[in-house]
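For reference, the structure is listed below as structure tokens.
As written, the chains take the letters A, B, C and D, and residue 1 is the first residue of each chain.
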Amino acid sequence: MKFLHSKSRLEALSDGVFAFAATLMVVNIGADTNITSFKDELPNFISFAVSFFVMMGIWKVHYNFFRRTNYIDNWIIALNMILLFTVLFYIFPVRSLLSTGFGGQRINIDEFSNIFQLYSIGFSLIFLSFCLMYFRAFKNDKNLKLLFYSRHFFIFIIVGIISFILAKFQIGLRYGVPGFVYILLGPLCYFHSVKFHKKHNLEY
Amino acid sequence: MKFLHSKSRLEALSDGVFAFAATLMVVNIGADTNITSFKDELPNFISFAVSFFVMMGIWKVHYNFFRRTNYIDNWIIALNMILLFTVLFYIFPVRSLLSTGFGGQRINIDEFSNIFQLYSIGFSLIFLSFCLMYFRAFKNDKNLKLLFYSRHFFIFIIVGIISFILAKFQIGLRYGVPGFVYILLGPLCYFHSVKFHKKHNLEY
Amino acid sequence: MKFLHSKSRLEALSDGVFAFAATLMVVNIGADTNITSFKDELPNFISFAVSFFVMMGIWKVHYNFFRRTNYIDNWIIALNMILLFTVLFYIFPVRSLLSTGFGGQRINIDEFSNIFQLYSIGFSLIFLSFCLMYFRAFKNDKNLKLLFYSRHFFIFIIVGIISFILAKFQIGLRYGVPGFVYILLGPLCYFHSVKFHKKHNLEY
Amino acid sequence: MKFLHSKSRLEALSDGVFAFAATLMVVNIGADTNITSFKDELPNFISFAVSFFVMMGIWKVHYNFFRRTNYIDNWIIALNMILLFTVLFYIFPVRSLLSTGFGGQRINIDEFSNIFQLYSIGFSLIFLSFCLMYFRAFKNDKNLKLLFYSRHFFIFIIVGIISFILAKFQIGLRYGVPGFVYILLGPLCYFHSVKFHKKHNLEY
């Protein structure tokens, strides 16, 4: 006897985590705000805004995955947990880093390298989870769109790893090359999309 | 191949954010309450009550939108995110401002002007999101009720901008004119409603 | 054109508030726990346990209401908001009061009277919300069970008010009479139930 | 007249508690993170990771229960509350204990014994809730799989109690015997599974 998986519960848990993390980010901004200090909050505002919309972006990717497939098994649940863990572990330090960054604090070249390494790992881990979730769903649904997205997010992982290596060996770090390398995502994803759709005779 | 949007997930995320923000507002009230200080909490009580019911009011407007249409696309999701962001960014400072206000702290005329400017922007942004969400839904559902609400919330934006301008140039600020201007919402919405229903031969 | 109300969203918002408030209550317990202090946490443990299960009890009453009717309108939404507000406003001070109480701090007779007054008001407000919600639902569903529960919770309000009056005039306060008066709920609800079911020929 | 229980609301409340507790665990990590201290966060990282995945493991067991049965009554709701209470009460101290543990702080043998006692009680209570929930559901559904899981989690309780006794009388505590005793879960559950399936002629 088989028991059905409940997509709605996994979504509810994930939505809960995203909603709380988004809300918690803003809490300490207003905590000791008084009237005069409100203008000084600009670096906090920008860092909160960036983290909030990054988080909502990840939520959107998560949301898209569960629109595209109804297949759920223990592997997808486990990958979803790893995704949530990575998001939670990264999002709060991201905000405080951004906040100190916009606050104008000076950092040296080694610290700069460390930051890029840490966030390249986080970036790669998040999209590794999505890549494997799509691949796992594809193995069962046999829907080519799922394979397409699995490969699409694989490009994200590769670019994250390139950024990590550049940051590790401090190649062009002074000019922000490990950051600018993410621009590669645009053309790479475009070429992959064109090739994939031609090969499998898919519509866009 | 098209994948359906999931209204329930967008609602779940939004409900999570609203529920969490409402709960967090009350937390620091009780944190260091002991028996004797309970009576001194009156300014906190009022500011919590006002922020809580303002928030629940915004939730009700949000709830009404999703009752009136089932149409969801990426634009509506993006506008919903901006709405949540504005609510989260404003609600906590609102509470602490109210709390210091009821606590009897003196503020000068420039600070008073700044407060009105900031909250007029927030007010306008929240209803701009709703106005555009209704308009986007109308473009697809072609339900005249949706156009009505889009224009209804457009009046809110206008009044918010008038309040901002009055506060900016400190016109009648000493008598609270930028605050009283919100009374205009009543007659303006009434006239709009009468005109709109007559023009399109709609029932109320 | 009428738009349907969404029971699930109101439930989701309420469940969110209950879930977060329950979770938040426990947070500061573990925050600075180290190994040696764990045993000293007994008063915190008891106060957390009492507040948690009181809260879950209120959740259960809320849950029962929405099982018994599908009727929702703006009145029920507004009453639900007032209920959530009262719960949030009371639950955190309850915990800290219990915590100081079990911590063995001495309080004088006037403070003792104030506590009973405050919590009698909270108790009455919570069940006033439920009473009116059931009555509102009864007016539309015409299901006698809903009328029964409306009157059932009306008894709770009465007992809360009696407790308030006793505490206010410090009648038997030294012996905890304003607390013991809640024992009346048992026989009063029993008599009401017997009479109501006989009068309307209802089964139990 | 009977009113139906709502499985979705009980799930929503539980998911809310799990999601929120998981999110809160990570919050204080990032709060005062600056660039240089990020590397020093390793003990925090490990303790957060362990607590997060323990919590997600308990969520999975909870999720499985509600997949396997649709039966809900007041007993199951009450047991579910006790489960949530135990999880909330234990998860935050677990994290801070782990965090001090990995931080290299020295603890003496009596404290070590106390920790094992406390966590054996928590472990047993969590699985006692699951055991009784499955048994309650079995009494109504008469599905042998539910009886199997009830007995399966009964083994967990027994092992928890053995660990408690070993820790209490400090038997082999120096070598971590009360911890290693949990390895017994593997063979015991395997034997139980084989015997149960043979006796009732069930497939795996």
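By definition in this document, a contact is a pair of C-beta atoms (placed from the backbone, for glycine too) under 8 Å apart; a residue touches a chain by one contact, two chains touch by 3 or more.
From a predicted model like this one, the values you see are computed outputs, not experimental measurements.
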* Magnitude of the superposing rotation for chain C and chain D (Cα, nearest 5°) -> 90
* If we define chain centres by averaging CA atoms, which chain lands farthest from chain C? Would you check? => A
* Taking each chain's centre as the mean of its CA atoms, how far is chain A from chain D in angstrom? -> 30
* Structure fact -> Taking each chain's centre as the mean of its CA atoms, chain A sits from chain C at a distance in Å of 42
* Asked: Could you say which residues in chain D touch two or more other chains, in rising order?
  -> 8, 12, 15-16, 19-20, 24
* Structure fact -> As the complex stands, chain A meets chain B at residues 8, 11-12, 15-16, 18-20, 22-24, 26-27, 29-36, 38-39, 45, 48-49, 52-53, 56, 59-60, 63-64, 66-68, 143, 145, 203
* **Of all residues in chain C, those that touch chain B in their complex** => 1, 3-6, 8-10, 12-17, 19-21, 24, 28, 77, 81, 84-85, 88-89, 91-93, 95-97, 100, 107, 111, 114-115, 118
